[in-house]
Amino acid sequence: MSSIGLAVLGAGYWGPNLVRTALATPALRLEWLCDLDEDRARTVLGRYTTVRVTASYDDVLNDPAVDAVAVATPAATHFDLARAALEAGKHVLVEKPLTSTVADGEKLVALARAAGLVLMCDHTYCYTPAVQRIRELVRSGELGDVQFVDSIRVNLGLVQPDVDVLWDLAPHDFSILDFVLPDDVVPVEVTAHCSDPVGAGRACLAHLSVWLSTGALAHMHVNWLSPIKVRTMVIGGSRRTIVLDDMNPPSRLAVHDRGVDRVPVGSLGPDERRQTLISYRTGDIWVPALPEREALMAVMAEFAAAIGGGRTPLTDAETGLRVLRLLEAASRSAELGGQGIPVTLAVKA
Amino acid sequence: MSSIGLAVLGAGYWGPNLVRTALATPALRLEWLCDLDEDRARTVLGRYTTVRVTASYDDVLNDPAVDAVAVATPAATHFDLARAALEAGKHVLVEKPLTSTVADGEKLVALARAAGLVLMCDHTYCYTPAVQRIRELVRSGELGDVQFVDSIRVNLGLVQPDVDVLWDLAPHDFSILDFVLPDDVVPVEVTAHCSDPVGAGRACLAHLSVWLSTGALAHMHVNWLSPIKVRTMVIGGSRRTIVLDDMNPPSRLAVHDRGVDRVPVGSLGPDERRQTLISYRTGDIWVPALPEREALMAVMAEFAAAIGGGRTPLTDAETGLRVLRLLEAASRSAELGGQGIPVTLAVKA
Amino acid sequence: MSSIGLAVLGAGYWGPNLVRTALATPALRLEWLCDLDEDRARTVLGRYTTVRVTASYDDVLNDPAVDAVAVATPAATHFDLARAALEAGKHVLVEKPLTSTVADGEKLVALARAAGLVLMCDHTYCYTPAVQRIRELVRSGELGDVQFVDSIRVNLGLVQPDVDVLWDLAPHDFSILDFVLPDDVVPVEVTAHCSDPVGAGRACLAHLSVWLSTGALAHMHVNWLSPIKVRTMVIGGSRRTIVLDDMNPPSRLAVHDRGVDRVPVGSLGPDERRQTLISYRTGDIWVPALPEREALMAVMAEFAAAIGGGRTPLTDAETGLRVLRLLEAASRSAELGGQGIPVTLAVKA
Amino acid sequence: MSSIGLAVLGAGYWGPNLVRTALATPALRLEWLCDLDEDRARTVLGRYTTVRVTASYDDVLNDPAVDAVAVATPAATHFDLARAALEAGKHVLVEKPLTSTVADGEKLVALARAAGLVLMCDHTYCYTPAVQRIRELVRSGELGDVQFVDSIRVNLGLVQPDVDVLWDLAPHDFSILDFVLPDDVVPVEVTAHCSDPVGAGRACLAHLSVWLSTGALAHMHVNWLSPIKVRTMVIGGSRRTIVLDDMNPPSRLAVHDRGVDRVPVGSLGPDERRQTLISYRTGDIWVPALPEREALMAVMAEFAAAIGGGRTPLTDAETGLRVLRLLEAASRSAELGGQGIPVTLAVKA
């Protein structure tokens, strides 16, 4: 059988989505849904399924029909579960964040590399048509220089038992930022202000300032306490500006032909300088049509293709590591009352 | 004649609005429009007016028909012009910011107090029906404890010649915050990250974090480089949450019956605690109808009423001083790379 | 086994939704998916299912494990398929429209009644939380008298091979109208203007005017050619007005405390009359939170409950018949160039 | 003095706007504001004006400094006032509708022509940047064939004492339609359904269907009873579709690269035909930036330019007459219960 045998670990919040999309992916063959709570797993699969359920991870690891596992368990368990899978010779797809620490993530990367196995991180947003189009627009130079980034990801969310809002939501913003920026533009310093105004015992909202190597500032606001759901990202460029609004599907991605041009300063007197600096162009807005495609289906297809082709997936473990470094720096900054924490990210291959 | 004789100083960006509203205010009698550029002043008044134009401030100060002046000139000139007016025995309305420094502002306050004259700062937003309703909702306890504030004030704005984006836009947010918070909740520390990605020579965007005395975090984003105009302020409370959206007049102010309640912790075990903490109530939204009223008309009426009644105006010079202290702290923080700067604001009378 | 054995007929556009929701309904037991194209049916069920596929309707009708069928085939086949099922002693759920003609619909109603079987029409919108809330608000008198209805249901839709836009989309509006109006307010005349500007061979857009027994006018616009998708219904009342906007989930249902009151005319002179007539109240808007619930799940639950309880379902065949009478009148009006066609609907039981 | 002396008649709802824009138009010289209620006129002008007020129309007509009058009185008075002005040798700008009847309008046209005077109708919307851009897009062929028009103009409006909603609001839609359509596409039949659900004594809402010479259908909904204000017009074309949304300034005009193409029918079999017919192109949306310009300022400038240049204004009395013919037909249709009324409009010059 040429399809790839898959087991999904975790039937909680995200696992059902992995199950549903795996079932619909021709190149995958779902063998198991594994959860400590077998009843929960059975409920996810329903009464009409041929997929097997187990509470024993060994059943999965020992099954030669299983080529790969997809891990959708609490973040603190990612490292142990992924390591065991790699050691059993299985390819691994891990939910974000890759692990709880950079150190653990590095161990997984080393293990996967040594074993020649695919280790992929599910940064789902990188597989949305909108973010992929943004990546093209930014990296092709269409946008000009990135002048600022402003991301807002707020809603009335569950206070998570195991992670704070930073580790829950910021991986999305960090992975999108990492994904769309040109290779030579990288975060160099992170500042975080976190707040727990409800006494939840962990940060429920955070404001993150990420300085890029160009001097530009990227800001993220993540918040579990907002009664309105906002999912916007603005990327201001010297030629154009992108506005992503995930809550407005008909105009999800808008490209504004507006921006502020840098003008050669040497050639101008001080008065001229201010006036000449600003160029507004036409101000037209262009809303490109985007394909209707579920991102997680594309994640599954990419995972299968990376395994089948013996190649690195689009969001590989290195991507997950870069995101972890930013998360660790943000947490450290918050502990130090908002002090800027330098980060050093390897240049993207 | 029992009406109050007024001169407007400055026929630039904001002056024409002062002129227009002064003309329509029965208790005021516009005597002069004063601008160094008389033609500009004449253009503002039009061809059919009986109001006089002058380029000489002395004409204004020496005219006994002038009881009060309204100053709408560049910020750097506020101190000298207001001082001269006070010394000439005129009441003064000053555009925001009150002056360029706290020290100058304090001198004006002392002068006005000694002379028994009204010194009012035009924090226009405090006179909008929406902000006045917010003040009622917050200060009456309807909202519960303020858990967070998030204000966004971005658009494609002119790079100002004399002030950066912080001193241009943040006075609005600071004055609204000052106006709506209960008397015993005050800012205690300010952090600012500023950026000038276009080489304008001054900050064109800034992210401000203002810690309140309750531990809650208020954040402001001000930006001259955004192709979309956003004017929102969210005030999250333990009982309700307010969403102000100035770009959406039919639903400018929405009160969400959602929020996160603080629950007595002592009575709960650790597991219960997390689950019990969160209470979402009905989730209904209430959009109160607001009167259609121009804020600046209310500013003029308040200025006239304070003069007529010999009383302190709603946004007096002390208000302006509190805003100045926050601005100075923000500028200092930006200079120090985002370090938190403590502020001590006098308790409101 | 106490659950109800179900077969779904048709694996085309809507059938997969019936399959998905039937699989998730505990009281139902999906036995068959029947389609002339077995491969299409297999694709709908996927590779991991225990549900059987057949191209033979006899397999379904002869299977004693099948208690009920759900018909999601082209409208022209509804009558024959539903009749055969009723004659085989099966309960029937039919997609809208019930049949192609009132006469056929009446035959089905008679058959079902004689056999003591449930015959239900899937008017899905009547099972949405928003429409159910509207029904409460209108029928409780909260809204006051219904003064007008305006429904817009337009998008870029497929030109259907078998029905025009009127029979494709207007059943939704007619069934909602039928569902929410008080029992004593009924349509009495229908006018339709239809247009086929693209030469499709059938109407692609239509404007429908439905006069109610109170003299109020309900209007519907259905259109397959609109590049923007609009799904709004405004129900103007003498006390309040409802605005349903299905494309705006956060404010899907808004109740405006505005309207125009009828004032006793006898007591007023002609001048007074006009001024007094209009009362605007506060103008507040109330957006009630609605449960997140898929309407089709509620349809399935209602079908199962009606069978289990031996009772009439909420949207029974009589509902479907009333909708058919309106559709026939509309088609007739369009043929006659927009002439008004009287309709006589039985008073609701 | 080379400027044009103007008198404004009527200081009610619209008159103040004419006054304000006339004061700001360099080519005009406002001499009088004339209203039966002099106090109302004085209030409009304010305390600082040099413009004269009168209650006597003779003062205006006998004043040789008055070259032109702008009539903003109730519709029923338009004919008498405009005739008197023309007979006194004054150019005339009349608010919409031109007069109360086509017959009166024709008399004015003849008078103006005989006297060589400008007679212009203030169809303000034709002077908005958005409508002017629509005109270019439609008449240049950019849009392709006009397949349908759908206009919605509803809000909570005053029940007017002198006109019904049709004569109050539909002139806007009719004049826009007249303005943007190609010269060879003209209305040929009008149907109206009117309703007065509040007992106001006149229609408060109306649905208008206007059949064009191409067979396409234009529909207008005008309504005084809607708690939400909607101002949209969709013009569906075979190549593109325009969406005008006046309540959404940042995206007031959107051009959708979507539509349905007509395909040569002879070359296709019946099955092919349906599938091939529909072409959706990219689906991109383009939002052209529009100048910020007040339409009424452009009306004033056009009036002055037509007088100065001795030429026909953009919206001349013939335009006003075409709109009157549509209004009369609509009223007649409503009287006859929605019967279609043919109209014959002269081909535009």
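Letters A, B, C and D mark the chains as written, and numbering starts fresh at 1 in each.
Just so it is clear, a contact is a pair of C-beta atoms (placed from the backbone, for glycine too) under 8 Å apart; a residue touches a chain by one contact, two chains touch by 3 or more.
A quick note: this is a predicted structure, and the numbers were derived from the prediction, not measured.
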item	value
Centroid-based (C-alpha) most distant chain relative to subunit D	A
A-D or A-B - the one linked by more C-beta pairs in contact	A-B
Rounded Å distance between subunit A and subunit B, as computed from the means of their C-alpha atoms	39
Distance between the centres, which are taken as Cα means, of subunit D and subunit A, whole angstrom	52
Touching two or more other chains - residues of subunit A	228, 250, 283
Subunit B-facing residues of subunit D, complex	23-24, 30, 46-51, 228-229, 250
Complex contact set, residues of subunit B against subunit A	145, 147-148, 150, 154, 156, 158-159, 161, 191, 193, 195, 197-201, 204-205, 207, 209, 214-217, 219, 221, 223, 225-228, 234, 236, 238, 241, 243, 256, 258-262, 265, 273-274, 277-278, 280, 283, 337-338, 340
Complex contact set, residues of subunit B against subunit C	250-251, 254, 257, 282-289
